[in-house]
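Both of the next two complexes hold chain A, though its partner changes from chain B to chain C.
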Partner chain A sequence: MTKIRRLTALTRAGIIESLQFRLGTAVMLFGNLIYLALVYFLWKAIYDSSGTDMVNGMTFHDTMIYLILATAIFNLLEMFIVWDMSRAIQSGEIIIHLLKPMRYRLYTFWSYTGAHVNNFFLAFVPTFIVVAVITGGAIPMGMNLLYFMISLILALIVNFNIEMLVAPICLYTESTWGINIVKETIVLLLSGATIPLAFFPEGLRQAVEFLPFRAVYDIPLTVLLAKNGTDTLAGLLPKLGIQALWVVVLTVCGNLFWNHAVKKITVNGG
Partner chain B sequence: MELARERKRGLSFYLSIYRKILIQDLKSKMSFRTDFIISTFGMVLTNVSGFITFMILFHNFPSVNGWDYNHMLFLYGFSLIALTPVQCFFDNNWNLRFMVRSGDFIKYCFRPINVFFYFISEVFDVKGLGQFAFGLGTFIYAWAHIGIPVTFVTIAEAVLFLMTASLFMIALMNFAAATCFWIINSGYVMVIMFRFKDFAKYPASIFNSVFRFIFTFIIPIAFVAYYPSLVFVTPDRVPLLSWLSPAIGALFFWLSYKFWMLGVRKYDFTGS
Partner chain C sequence: MNSEAVVMKNISKEFRVLNRHEGLKGSIHDLFSRDYRTVKAVDDVSLTVNRGEIIGYLGPNGAGKSTTIKIMTGVLEPSAGEIMVNGRVPYKDRTANAEHIGVVFGQRSQLWWNLPLIESFNLLRDIYLVPEKEYREMLELYRSLVDLEPILHKPVRQMSLGQRTLSDILAAFLHNPGIVFLDEPTIGLDVSMKAKIRELIRGLNEAKETTVILTTHDMGDVDALCRRIIIIDKGRKIYDNDIGHLKSYFGSYRTLRMRLGDDSWVEQVIDEKETDVMHVMQEMQKEHRIKDIQLQEISTEEVIRKIYEGGKSA
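And now, the complex of A and B:
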């Protein structure tokens, strides 16, 4: 019980901390709106020139919902662990984190939950409502919303684990920007956040099926739109199973790697 | 006459300083060799990823708004080249807000040279050269496949329009970076502006009139590739804005420079 209270205290601190940057959130929201308008016009032009309503099982509305909510999830899940960790190492602050009576991975995860909660209510939910209203019922409203929440939490854990798996590489290479851009590019492309996976050529799509990235964007969004048979339990459980599998695999790998990397830390001065 | 000579000496003076700072910067970068290699790889990867996205789009949809594959490729290559200078020469803008906040920025104000020049010249981003090569390859490929004639005039036009197109993104980033003189933690302004560049590679004709106005006159990303490209892609009906784009680019850059310097002056007064 005390343990849970300790963890939720981190959540609370995170909520308060991220509420400090209200102007930033407002500007970010405004920037996102313009960005979404860009996405809208691009895909509208694309669908208009294609001459058909349905491409690869996706209508224009489906594609829009998919891409807008992918952006919303991207903002929701965004973590700066790679940056935080390398900054903490450069300043020596990492020692303080390591001395805390809590495992570093656990501490990092829970201190980000506050920002996640905020982003969910202040950015994701409004975006979701706007999209649902504009597309006029293209998003099914039923049990899929609940399934989506489960899938989203799993996606969050997978994303955290990818970050935690990548961040310690900085300890070995002293490269933050480089590592981060490689990670971001790969995740955004192969998770279907830039272009829905349904549009990928067959070979590439099958290859992507075996990678963890689709567990971050593609699976939650597919579940939300109730596509590919995810509206039935028989279709849904395998998808959630894939996510759960990646949670386990990546957590184990991340733990092993972190335990190895933490011995490599050299702090200059501190 | 006297004034002209003064100006000329000024330019060569600044060039020689730029060369000296550049060499120091490259030396310090080379001491982090792994970082350099990984960053270069990362930059190439972003370009490859952008290209894959592009190919996947065209795999599903053969044309967008009357622009076929080669024309879109031309726009894409054009935008990559035009976005290289902001990456290579103006990358230090990303550090501005940290410098201003920590107070380290004051060191730039104590040199007997232009503050903007000194600050910007401190970092040269080598990674951008990969993007340049990638863009140039795409550009030449598309140029040949569209069948644009290769004459002295077209090549001179290409150089002129590419150089002036690059001013738009530079100016946008100058504006975005300079907001940190007024707003603490204004990194998000830069992040948003930088994201808009992803849309420079699409024809502005896809937007409705409101957004076309915004992206032409307020956040002018349509000038990064679309307007100047029209000079080459549809030579028989080039809109006036395309011909004016070099002048607009120069003006926009000058405004951003003034805004940046205004921030510097404001910074001095706070005395932080």
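And now, the complex of A and C:
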């Protein structure tokens, strides 16, 4: 059994470490403003040209709330495992990580948790409060917030597993940039982070139901906004169930893949 | 616990390397090439390291030193042979092995770049599950060996190379491991920092009876720290014995320098197996007036150089 002390120590160090980059948080929030201005005008044009207030069951208002919160979650979940791992492999520094008395995947996950905690309080919570105040009651304030936290943690683990399924590919291809771009694009598009899934053509929308990506953005956001009946346990539990299922499936796959990939280092020397 | 820290029996490590071709055409050819060759980085090496020893593990660049260290730490699987470190097979259970070893690679740091050193130490304490009491005692020991205060609250990225290396060595000993591997710990350091680092390594080895396996190109490190050295070249072990033995290994060479009547110096290398210093001086005195003499022992460095260049097997 891994001792809890190891994990909380990594979280703590991560918090201290990422607090050193307070300017980075400010820049990130500023970048969000520019991005959200773009999103605002883009979607305004879409709604104006459609001639109706409601497109695919979402008002302009709904869409904006959704996309702003999606951006906030993006800041919170963002990980750089693909970059970090490929750099560590190229420089040989991966050896230092492999020589920690913890399993590499566990060590990596918990090394990131501090940054997640920070981004939650410094990026997500302020954005959430601003949205909640401006929209004046568009976001329900009840049990959905608690459910959202559970869903968010599951989303975090799914996201980590997706990263860990992509990152070791650099051991086989010796290139990272392209792989990372492909991963980013697929995750952001198919998870509903850039375009709400309701806007997808029917076929694609159904296909996405069977992919893990929506467990990262679509489900937590739906739960947070208490849409699609997720404010009742009967509506909520299937959603959390899907997330939990992906956590299990991806963790198993990720472990298998990593155990295979790490042999590239331990047998071929990287 | 048995008395051996490391036992290696007939360990070999082979790598498969793609044969690369020159130029643009060659590079395109390489894309589809299945033309591999096998490189033997470590070739049938057997050795035993006893507890509490400081071993100098030497060899020219590319001799296979780092590969051996990586095999001992468990990040590389040997292609053949048996290995036990602290009674464990390192590559089979890398994480369990990692709890009982400490590692410093001179070129990279295991410390958290942005954190003050003390935070890195606290984190390592928790990761290695070091009891608080032992941790305090270890910090006390550190304070008695080096001046810890100026660096303890400094972020690692602001440290000089010397301070960083010092910190990394302290970090490697923090969980009181049975063995510490130091891969070129004094690389790039100034003379006084080197001396400090050597003192520290010896101090920790004596206080905690930690086995130290040290690779270096600096014979000063070897002279200051190691009683026993192992030399490998082209993956093969070519010497494994006391350092005192090494000097007489190629014959007991000494250099005799004599200042003659006209104030010029002449040099004579003497192999004491064949003749002795007094005899050479007597012979010289028959023809010259000797005003002054100097007698120089052959340095470890020169002996090692002879071995590297000669490649003679022990």
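Methods note: the second predicted complex is superposed on the first by the 263 of 270 C-alpha atoms of A that agree within 3 Å, B and C clash if a C-alpha of one lies under 4 Å from a C-alpha of the other, contacts with A are read in each partner's own complex, and residues count from 1 in each chain.
Criterion: a contact is a pair of C-beta atoms (placed from the backbone, for glycine too) under 8 Å apart; a residue touches a chain by one contact, two chains touch by 3 or more.
It should be emphasised that the depicted structure is a prediction, and the values quoted were computed from it without experimental measurement.
Within the superposed three-chain model, A:I16 lies in touch with chain C and out of touch with chain B [touch as defined at top].
Of the two partner chains placed around the shared chain by superposition, neither chain B nor chain C is touched by A:L211. Legend: residue contacts after superposition of the two complexes on their common chain; A:M54 is shown touching neither chain B nor chain C. Looking at the shared chain after the overlay, A:F200 reaches chain B, while chain C stays out of its contact range. One of chain B and chain C touches more residues of chain A, and that partner is B. Applying the stated contact rule after C-alpha superposition, one finds that A:I96 touches chain C and leaves chain B untouched. According to the touch criterion, chain A has no shared surface contacted by chain B in one complex and chain C in the other.
Against chain A, in their complex, chain B makes its touches with residues 32, 34-35, 37-43, 45-46, 49, 52-53, 56-57, 59-61, 63-66, 183, 185, 188-189, 191-192, 195-196, 199, 202, 206-208, 211, 214, 219.
Within the complex formed with chain C, the residues of chain A that make contact are 3, 5-6, 8-10, 12-13, 16-17, 20, 91-93, 95-96, 98-103, 263, 265-269. The touching residues of chain C, counted against chain A in their complex, run 15-16, 67, 70, 73-77, 91, 94-96, 98-99, 101, 103, 105, 108-110, 112, 114-115, 119, 122-123, 125-129.
Residues 21, 23-24, 27-28, 31, 34-35, 37-38, 41-42, 44-46, 48-50, 55-56, 173-175, 177-182, 185-186, 188-189, 194-195, 199-201, 204 of chain A touch chain B in their complex.
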